[in-house]
Amino acid sequence: MPRISLSSMWGRIADGGRALFNMPESRPPAELAAMLCDRLISTRGEASGTALARAVVELYGHLDDTARLAFLQHLATHYGPDKVAIDKAADAFHETGAFDDYLTLARAMEAPRRELLGRMNMAPGGTAALVQMRRHVLNLMRKGTGLQPLEHDLATLLATWFNRGFLQIERMDWRSSAAILEKLIEYEAVHEIDGWPDLRRRLADDRRCYAFFHPALPDEPLIFVEVALVRGLADSIRPLIDVPSNGGAGDADTAIFYSISNCQDGLRGISFGNFLIKQVVFELQADLPQLTTFATLSPIPGFRAWLARLIRTGSPAILQPAERERLKAASGRAVGKGYFLRLLESDAWHEDGPLKEAVRAPLMRLCAVYLSGSAGGKGVTDPVARFHLGNGARIERLNWWGDPTAKGIAQSFGLMVNYLYDPARIEAQHEAFVRDGKPAMSAVVKSLAEGGTLARRLRLIGA
Amino acid sequence: MPRISLSSMWGRIADGGRALFNMPESRPPAELAAMLCDRLISTRGEASGTALARAVVELYGHLDDTARLAFLQHLATHYGPDKVAIDKAADAFHETGAFDDYLTLARAMEAPRRELLGRMNMAPGGTAALVQMRRHVLNLMRKGTGLQPLEHDLATLLATWFNRGFLQIERMDWRSSAAILEKLIEYEAVHEIDGWPDLRRRLADDRRCYAFFHPALPDEPLIFVEVALVRGLADSIRPLIDVPSNGGAGDADTAIFYSISNCQDGLRGISFGNFLIKQVVFELQADLPQLTTFATLSPIPGFRAWLARLIRTGSPAILQPAERERLKAASGRAVGKGYFLRLLESDAWHEDGPLKEAVRAPLMRLCAVYLSGSAGGKGVTDPVARFHLGNGARIERLNWWGDPTAKGIAQSFGLMVNYLYDPARIEAQHEAFVRDGKPAMSAVVKSLAEGGTLARRLRLIGA
Amino acid sequence: MPRISLSSMWGRIADGGRALFNMPESRPPAELAAMLCDRLISTRGEASGTALARAVVELYGHLDDTARLAFLQHLATHYGPDKVAIDKAADAFHETGAFDDYLTLARAMEAPRRELLGRMNMAPGGTAALVQMRRHVLNLMRKGTGLQPLEHDLATLLATWFNRGFLQIERMDWRSSAAILEKLIEYEAVHEIDGWPDLRRRLADDRRCYAFFHPALPDEPLIFVEVALVRGLADSIRPLIDVPSNGGAGDADTAIFYSISNCQDGLRGISFGNFLIKQVVFELQADLPQLTTFATLSPIPGFRAWLARLIRTGSPAILQPAERERLKAASGRAVGKGYFLRLLESDAWHEDGPLKEAVRAPLMRLCAVYLSGSAGGKGVTDPVARFHLGNGARIERLNWWGDPTAKGIAQSFGLMVNYLYDPARIEAQHEAFVRDGKPAMSAVVKSLAEGGTLARRLRLIGA
Amino acid sequence: MPRISLSSMWGRIADGGRALFNMPESRPPAELAAMLCDRLISTRGEASGTALARAVVELYGHLDDTARLAFLQHLATHYGPDKVAIDKAADAFHETGAFDDYLTLARAMEAPRRELLGRMNMAPGGTAALVQMRRHVLNLMRKGTGLQPLEHDLATLLATWFNRGFLQIERMDWRSSAAILEKLIEYEAVHEIDGWPDLRRRLADDRRCYAFFHPALPDEPLIFVEVALVRGLADSIRPLIDVPSNGGAGDADTAIFYSISNCQDGLRGISFGNFLIKQVVFELQADLPQLTTFATLSPIPGFRAWLARLIRTGSPAILQPAERERLKAASGRAVGKGYFLRLLESDAWHEDGPLKEAVRAPLMRLCAVYLSGSAGGKGVTDPVARFHLGNGARIERLNWWGDPTAKGIAQSFGLMVNYLYDPARIEAQHEAFVRDGKPAMSAVVKSLAEGGTLARRLRLIGA
């Protein structure tokens, strides 16, 4: 959007709108937008619906924060259903249980607002405007602005419109439109893309990038996943991102999903990720039959915070005796839980070779405990783990020092994890996880998580 | 779809389905489809939703009539909302009027069936299958088959999905895909297209054809309109259809919409026509600035039946004295209402020059009365007139002998009518028609409709 | 092209041309076209080259036969090279042999006509116009019209432009543009396509159709090949053409090329067919890995004429003794060569079961002799055989009664032949055929061709 | 192209080539490439031409400098025409002048090399490889490497293939492919593009960028022009490049062509620029009817060097009396020609306000003299001026301090010039310039160029 003063744009649109729809001259923008909405939802709106919708959408795009809130509150407080009609219809349905009475009740329940939002969608760019409107609404709702009724209708409508069946998967590469590629730079949420040269490397011949698009948002990826084609399970993120391309996917046997990013805040809660990963596995199998393994290389965002809480809340024996001995030898100090906590909170542990080696075993073990959800009664709490396990993946391998960046250390002491997508087991593992909350794990991770006595003890104390 | 025996196809799919989803071997197709639906709507369905949806959709496409009805009844009677939950939530909402209680009630009202249909949409071709399913349901509903709940959910879902904002207008011409062009031949509902050479003529340089498409049905026009570019208002349909192209749109000042056809029975009740006509006016204005007039050349499907009823029910003086005199002179007989009726019901009147001339004036006049809705208390009853007047068009001109085909004579004694779309007046005319039911008419048609005393008298007796 | 009187079109263009380029008013079209060409090739033409080229091309498209010949003769007799300059440059080159003198000679040799034709190509549709011009020239040259110099330049230019490297292979199917598909109906040269339903069958799921396109002629296939996907080597043409699709290419192991048609007479002598067949083999291998055999089912256009000549010119013993005996038994008559010839020239032989059976063996044998080119000193003379053998194919199998249509009987007594394209042998077979004229043959055909003593004797007498 | 060691790539290709074409194992790459060429041009090459061409092209792409020169010299010294045959044919043609003998001579003249290059074009990427080959040849020719015969055939072939009629104009914008957009950054020759954000600004709504493409090089622009849409004739380059977009082309009445860059060194001498500018004028007129003026804002690359030479070679009275007086006043010094030269060669003149003002008038006047070619007998010598005047533009206005960058000052003391493209005058101006070498000039520039007596005197002395 070019830079232009609001007032001049406002003048331009409002004049157009005024001329076109005989609007009064002196009203503030939010009020005018509300009047256009009244008109759009009325009978007269049918004849010039598209033009009215266009005026509302353009006007909305130029409201300042105050005017926008006022307009959204207008939408949230008007155009609601009629409680009297609902009560009456509910009584009738209660009596008869007849389908006709159900229908009457259903119609009474449906807010005219939904029809209004549907008509706004007729404008060019209408869908994009509604997605943006929901982003605004979600942001404003935290402040208790009474926008729930509007959020409910927007969420319902968008969830219906963005049904998986309408999404199109597209491979992005260096031949894609710059207008779309810059969105990847903007939206990458896991491992930041540092400008166009970095982007280009992520689209090289030994990489893949797939996104979902909706036909009404042709330039806007909804979600995208970045894939590295490598030999064997990747254990470290830097080589996937930093190292120049080795010249193609010729020898690769493994696809590593190393980043998945949602792009549209306005579609929060409408889930695409699980479909995308499975679809990409399918596309890659067809395209590169030599691939045998599909796995992620994922961060463990909640591990460090969990561990700190665990130590602080006084869990008696975080370290197993052998672990404590080794740490004592490396540090030359007595190892109490206060020391362990302080050590981990400083950077000392990873700047000193022997110390780092000494904390490796307990951190790996504790991380397996954390991911497996076996400690504490809440089951798996790591959000990334929940996402992949819920998709039917399994925890395959922990990778020590897989992400040695400040962010990686701050989240998980530099640990990363591979989740394995085995097409043959996805459904069974998904079902087990949904039913019992029990995550699928490789033998190695399982034995790590159950190693020693701590796991059992932690389970007892509900840490 | 290639010809293939149902049983072998059934075997193929069912085996796939069985293998894939561990289904029992010996169930009949409809039952198997129902089991797949149960699975699709369950938690397990999330992991392999697309594959399950695909199996349901393919299976549905191969059910025979009996199995299909059984399956549809399964859909209609299962997956409904829980009345107890509705009643409870309605009570709470009745008490509090709180938005949270409204939400609870809304969730209770929503049939799980809608989620199920949404998941079926994930299959390749899922949207097309659901449109076809609604076509089946609408056909079967006439027979009292208890499918209303399914129809309600299908209709609601499809109306949301086929929001005008998602439709794409496309010009069809001889360079369009044969797969799409054959649909025009198949779906043309007003003036039949007689094979490919006839189609080609309708797509010549002095013609236009526009259609709406939905991204999920890329090969299926939803509705299309055929336009002839001519000089002056067209008064007769044959030249538009029969005469070879005169070589381009160069001299044309008028666009005549001579045929508009809905293509998808499964989208009945979801209106596109008004949007399409206005959009086409817009496209033509941009493309051919020399065009000054946009009008239809339309049939008058209900005129003859209306007139016969009018005469039969004994309206005293259908013919005005001068008209009766002229008819008497041409026929050499006394003109009572029985004779007039018999004359019109035979083909004699249009096979005899003087007789034809004598009935011309009264038929033109009565047709204007009919279209204007000024006779009788029901307002405008002609369905084509209601469509165009509701869009904001006006009745511009009646055309004697505009459609001399058997069909044209059977519907309206060969009369046709032009409805004029004047962009500057569309909204006001639409509003007036919606508010008062008063159609916009040109001065000529108005004077025809109000000519003589009959119109007034008819109004009095409510014919 | 819409029907329009030449004079009015002429008026339209000529006026434009006159206004634009200050042309005299009263010249006949051919003369005006010549004047435009003079201008186009002059210095002034550089500034408005595209507009001038457009005027020439449009004008050319509307010349009648007489004017066109006059214009083409103008092109052929003007714009030639300068003999004096050539002679002088040739002398210098003769003396020195220096490359600079070669260059001077080369420039002197190049007719300005070629530059003129190159400038005509700048018009929209210029390439198509030049292809059409060459078609005209080739037709007119038979009549001794002195167009050789023009034909030489056109042929050279078009051969350079239509270099294989610029051609794009495209699969045609029912989703292709109607404007292109109608060209298939128009150009099919081997087995006529009887309208759109017939065409649709040839584009069904168990068929393939590929064509070469040039970017400058986007709607004009240059050559196309029709392929049937079947099980085993096809032995008869009717099932490939008549039988409705069996539902896909699922079980096929063999691709039968049953028709290959050049589309552009104006590109005569520029060979595409060999590239197309090999490219299609490649595309099919990639697309349908289950295919193991690639072969044609081809007509034998010269067989019958060759055999009649052979018998007439008195070859002593066309029939082998056993063949003669069997024929005698079937016919109840003495079998002299006159009788054999008369028999084959009537339809009697194939309307009588035993007779037909009796001529089968000798016709198969003689056809193998014919195709192999082993009789007579001219080598292989059948044009279709020469084409496929020159491409590196081999004669795989003769098919009795493969084409029982009137055309098939008239050409080759209903026989057809399969040429096999074995990717592994194409090059070696091509080389052997080019070097020695020796066709590759399967063992069966070879033994047929060499069966008995006739082949040897025919070789001796040079029949 | 991914980074890969030459030797491994070489191994890969050579092995393939060896296996495929039975090549000896131990030859160096250039020799192998030569052998493949021998094979490609031979009869055997016909069967596997595309595969052979591919091998040659891939091999060529991996030759190092030495091997490449060796291979190019092989191409240049082999595959030439047969002098004996040429001499013989030339004699015959000399005698008879018959067209058949002309044809024989023409065939003798044509080097087999041209057929060889044509066959190389069949490889995927063949055209790109030949364009690159010509770039190599042009670079190497300066060193006297005997490549002229190869250059001649390459140049002839490429000029024919890149006929204007095959070029496609395309608008480039931010939705274009990144693979193409990065070429703009790479190839911009006039005003360097400083990375992606700078590029994005040049593709904003108030800018246009058009390029010619050839269908065989889909990702490679041949030439592109950058246009700014502004109000009034632009007089300074920085605002066109630096200033952020003002939000669209809404108010613009003038299109300024501020940069035109050839992209392909291998197509040197094949002129596209004149076509491109005229085509872009045409596209802009259709797209933005409000535009009334089409002009460049161009550098004057030869002005400063010309003026220095002029002063040095002793032209008596470069400055007019009034100019000298003003300069004397500003500098406080006597103004001889030595001083004037030293002043201009230092930066002093433009760092001091009054001095700068004092040199303005003489520099403007002298620049007009320079551009008009009226001084000296050589006519217009500035290459940019020759290009635009040859296209039919006129010198419209000189812009003082239009390009205050170091480069602008070094070339032309910061002056820039507008060339005006007036569609109605292009042809006449082009013709006059080609015929007489007389440039079209606006009245203002004309009067500047002819101002005072200097111009006349300069003309007399032939400076």
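What to note about this one:
The first chain written gets the first letter, and so on, giving A, B, C and D; residue counts start at 1 in each chain.
One rule holds for everything that comes next: a contact is a pair of C-beta atoms (placed from the backbone, for glycine too) under 8 Å apart; a residue touches a chain by one contact, two chains touch by 3 or more.
No experiment lies behind these values; they were computed from the predicted model shown.
Common neighbours of chain A and chain D (chains touching each): not present.
Rounded to a whole number, the gap between the C-alpha centres of chain B and chain D is 60 angstrom. A separation of 43 Å divides the Cα centre of chain A from that of chain B.
Shared interface positions of chain D, defined as residues touching 2 or more other chains, are absent. Which chains touch which is summed up as A-B, A-D, B-C, C-D.
Interface residues of chain A, counted against chain D in their complex, comprise 2-4, 174-179, 181, 195-196, 200, 204-205, 219, 244-248. Those residues of chain A that touch chain B in the complex are listed here as 43-44, 46-50, 53, 81, 83, 86-87, 90-91, 93-94, 97, 99, 102-103, 105-106, 109, 118, 121-123, 126-127, 148-149, 152, 157, 160-161, 163-166, 215-216, 274-275, 278-279, 391-392, 426-427, 430-431, 434-435.
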